[in-house]
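Input: structures, listed below.
In the two complexes below, chain A is the common chain; its partner is chain B in one and chain C in the other.
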Partner chain A sequence: MNDSVIPVVEKYIASQILKQPNRTLQPAEPLISSGLVDSFSLMDLALFVEDTFGVRIEDTELNANTFDNLAQLASLIESRLSK
Partner chain B sequence: MTIFQIGILAFIAIGIGQLHKGRELALLAFSAFVIYWLQPPQQFVSLAFWLPAATLGLTVILWALTSTPESLSWKQNWPAAMILAGVTILVALNRYFGLEQVYMTTTPPLLQVAVVVFILVGLTIALARSRAVRPAVYWLALVGLIVLFILLKTPYFVNHLFGFVKAVQAGDAEPKQAILSWLGFSYVAFRLIHTIRDRQSGRLPSVTLGEYVNYVIFFPAFTAGPIDRIERFVLELRSPVSLARQDWVEAGTRFFVGLFKKFVLADALAVIALNDILVTQVKSAGWMWFFLYAYSLRIYFDFSGYTDIAIGLARVLGIRLPENFAAPYLKPNLTQFWNSWHMTLTQWFRAYFFNPLTRAMRSSKISWPVPVIILITQAAAMVLIGLWHGVTWGFALWGLWHGLGLFVQNRWSEWARGKQPSWLQTRAGAMIFNAAGVFLTFNFVSLGWLFFTLSTPDLSWSAFQVLFGFAK
Partner chain C sequence: MTTFTGRLQSHLARTPERAAVTMQRSGHPDFDITYLRLMQGANGFARALEKENIQPGEVIVLILQHGEELIYSFFGAVLHGAIPAIMPFLTEKLSPERYRADLSALISVTRPAAIVTYAEFESEVRAALTEDDSVRAVIVAEKVEVLDETDFSSLAGMTRKPEDIVLLQHSSGTTGLQKGVALSHQAVFNQLVAYSRVLGLTESDVIVSWLPLYHDMGLIAGFLQPILMGVRLVLMSPFDWVRAPYKLMHSVSQYRGTLSWLPNFAYNFCAHKIRDRHLEGVDLSTWRAIINCSEPVRWESHHAFYEKFKNYGLKPEALQTSYAMAENVFGVTQSGLARQPKVEEVEREAFMTEKIARAANGRPAMKIMSSGRPLPNVKIRVLDEKGNDVPERVVGEIALQSDCMLTGYYNRADATGKAFLDGWYLTGDFGFVAEGEVFVSGRKKDMIIVGGKNVYPQDLESLTYEVPGVHAGRSVAFGIFDEEEGTEDVVIIAEVDSEDEAEHQRVADEIRKHVTKNSAIALRYVKVVGPKWILKTSSGKTARSANKEKFLKELA
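Right after this comes the complex of A and B.
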């Protein structure tokens, strides 16, 4: 499952947020704490995840403590999908 | 807080941390006592009792409103209710013990007051057991808290209120400059709002009265934060404390580093830090920058020192408070500065203001241009963070300064994305770029402090003129 979530989110972040479609992101690469994804783009990311996977990410969860990299975000999505 | 008071807090924290049974209740009793103990004296003497009593009353009421049915039984909650009432009565009884000089700044009012508070606690619990809270009540509680917050933080309202009370009491209609200092209220209110909002979204964990009040008034973080989240705090409160030697070393280091920052560095810098008087006397740009930098360092060491003390104290109680500062003055841009300055407050605003507003604008039928959304959300969030410190022009302008700064930086990074020249890719180039960013950010933040620390925008403007050499 992880295998299918990560590439989709990675592609979105690289092309839509970083505007560098060819950029690859490591699963453990910090996104929020590093400033790569700013607070405005983070909301776009949440809306994209909600639309694509049909899971809800709360406003209070959009911070580096909940998820800070692709792997953590993927597990969050999966844990909600399996419910 | 004096160093003597902090010493007592540390001593008691170590004692409570050692308890195997009854840690939660001992912590509750001491935190409740600390609220009364540290409350500064007020112009109206009895307020020194009423304000802490109101903090407790408000917290108990909000627990009753936000708690889930399974945590409302009298059986689980009576020890905590008794402790809160007991501490309040003990404080009021102090007039008979004659210990005013030792632990209270004023003589507390009559026993009746304690009885009233006791009834309040008892009634609330009785109410809580038999009610089903309607959604509108949460909104009412939210609005009530925010209105109370605004009234208390607005000097205009406080002055008029005090003038009015004085006029009634003494027939003296002359309103005087008055300061109402409700210790810890800014932080308490934000913790309460967090629990209401999370209750509304169904995310608030089920907590007992003792756990809830402990979270809101936890004594290490009561006066100056950090603002923890209740679900995290309660997990640690429930698990037994087991401190290895390494934990003691870390807690002790944090505590003493905090004392050093606050009482040595910050207090020494206070002598040369920019203030209302200095600003009217200094005529040279160089000295003005010097005093301004001294202020920037002073406010950092003061605030982060308090945070270190709080984190150290909490650690021996088995609670790992969240970090509030992460070397903010060494950050290369304003966004990263705000990710590392008073972090728990900015996270709070992100969770309960910035994100909901951004979500609403992003998902609304009107397709707002991205820069407009960023400008509105950043500026509004930062102005509100400013006003959290007090409803004055200075704090509003300080917030706006940072809001606009964040917007400009955001647009610039957006524009510069993918346009990095080749020299920037080298190690030396990246280092120089980083250093320039740190320098620029520190100076931008320092200039912002002019609005924050000087009492009127006129003074801030005159300091600006001197700093940039165009004073008349």
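Right after this comes the complex of A and C.
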């Protein structure tokens, strides 16, 4: 599952948030703590994930403690999909 | 005329148990701070300052997040006759080293006598201090107690005069050389009296705000105005709002909120990022004015906001505009609350080339929304480059005069002198006047306004030069308007010697990381290019507007 979630989210972050469509992101590359994804874009990312995968991300979860990289975000999505 | 202390005393005498502020914090129950509690909490800080031998008239820097301590320490400084200045708290985005450097620079100009912060941040603050600087005390907020006393007559602040400076409000900017706008008691009250008349403010109003208090819109409109005018304030944290913007609507609905102030981007943010599932049962019909200011105002943003919330009782005439700045305490203009702000359709060509806002009459047009009329105590002029008045509908620099102007930029007589021309304050904003209404159309300086925050491109460019591979003078930063976000996106272009794509990518990442860590500004576009991409003027200066045009052409 990780294999299909990561590229979708990666593509969204690269093209919509970073505006560098060719940019690749490592699964463990910090997104929030590094400042790559700021608080406004984080909201966009959460909405994208909700719409694309049909899972909910609560506003209390929008911080680097819940997920800070693609791998963590993918696991979060997966754990909710399997419920 | 009165002072802050005198006004608080009269609220205390009249309505000690009335809720001055309802504090909201995510994960905690709401709680009311009455005028009595406010005075007692502030008194604790006033006594703590006294104990540290801080003198009336000295500056106290407050480095605290939204919360009781911030409110009490602010008014505690006032009760002691000292001058509070609220500074932004360190965010996880900004590097501590940069924060420390900025704080040191601020201390060297503002020369505060004390700093108030949290226990956990004390060592960070102390690291910014030097032996021979002005700071004599670092006060830990948690150690200051709310005192039970109810007699405040012996407080040093009781003897302050209306013309004395009551607070400093620092302009934004990423380097330490921010200007501290010094305001007197008199100036603040003159503003509040004039502004509240235009708003038709009464004690039955409820102001709901999530704005940070280190910015004029949050500090004046969303903090001092309600507390000093006896209007209830529902105050939430900016951090809670940005993660859950729907909470603003919940607060308005729950507390029957009537007034809020928002920067333009927040209209788009709320319109696009709030889920309908979070709005069930929300009633916005009490909201009589949501006032757009501190960024260029866009009718498209109002439209999007209205469309999103009209089914929840929002009235179309609730969407209003203002033009405001710290140097005038806050409001310069305000749209009339009875109807929607005027939107002018001007001929695009004439506006772009001749700087004239001529009615379009069927020709290709652009829409510009009015910021309303000057407040009753404010006079406006529009000036050309030589300082002469221009006719109605001709774009020039907006200048103003009022009885609520700043006393000066604190310890910056040089900057104060430069800001005025024959007694008129030069705003640095471009705009025009039509039928008595003020339309703001741009800025004199290349300032970027992103999410309500002013950013100087030269600060971002200097940071870019610190990245290995980028040479000094070979970077350009500017803002481009983002229709979806309702604010500007920050663009940085940097030249390197290499033409290699992978190398460009690597440097771009470095720039993004370095600039964000040192400015807390998120960059949207970072473009690294080979030699000779950046356009220079004949004198070798970087021409930001020409490079912006080139960038936009390549993007299209």
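Observations, loosely collected:
Rule of thumb we're sticking to: the second predicted complex is superposed on the first by the 83 of 83 C-alpha atoms of A that agree within 3 Å, B and C clash if a C-alpha of one lies under 4 Å from a C-alpha of the other, contacts with A are read in each partner's own complex, and residues count from 1 in each chain.
We take it that a contact is a pair of C-beta atoms (placed from the backbone, for glycine too) under 8 Å apart; a residue touches a chain by one contact, two chains touch by 3 or more.
Please read all numbers here as calculations on a predicted model, not as lab measurements.
By the touch criterion defined above, A:Lys19 lies against chain B and chain C together after alignment on the C-alpha atoms of chain A.
Contacts of A:Gly35 after superposition on the shared chain: both chain B and chain C are touched. Comparing chain C and chain B on the residues of chain A they touch gives the larger count to C.
On chain A, the surface patch touched by chain B in one complex and by chain C in the other comprises residues 18-20, 33, 35, 38-40, 43-44, 47, 59-60, 62-63.
On the side of chain C, the complex with chain A involves touching residues 26-27, 92-93, 242-245, 269, 273, 275, 451, 485, 505, 508, 512-513, 516-517, 522, 524-526. Interface residues of chain A facing chain C in the complex, by the touch rule stated above, are 18-20, 22-23, 33-36, 38-44, 47, 50, 59-60, 62-64.
Taken in their complex, chain A has these residues touching chain B: 18-20, 33, 35, 38-40, 43-44, 46-47, 58-60, 62-63. Those residues of chain B whose C-beta lies close enough to touch chain A in the complex are 197-198, 201, 203, 333, 335-336, 339, 347, 350-352, 354-356, 358-359, 362-363, 370, 373-374, 377, 410, 413, 417-418.
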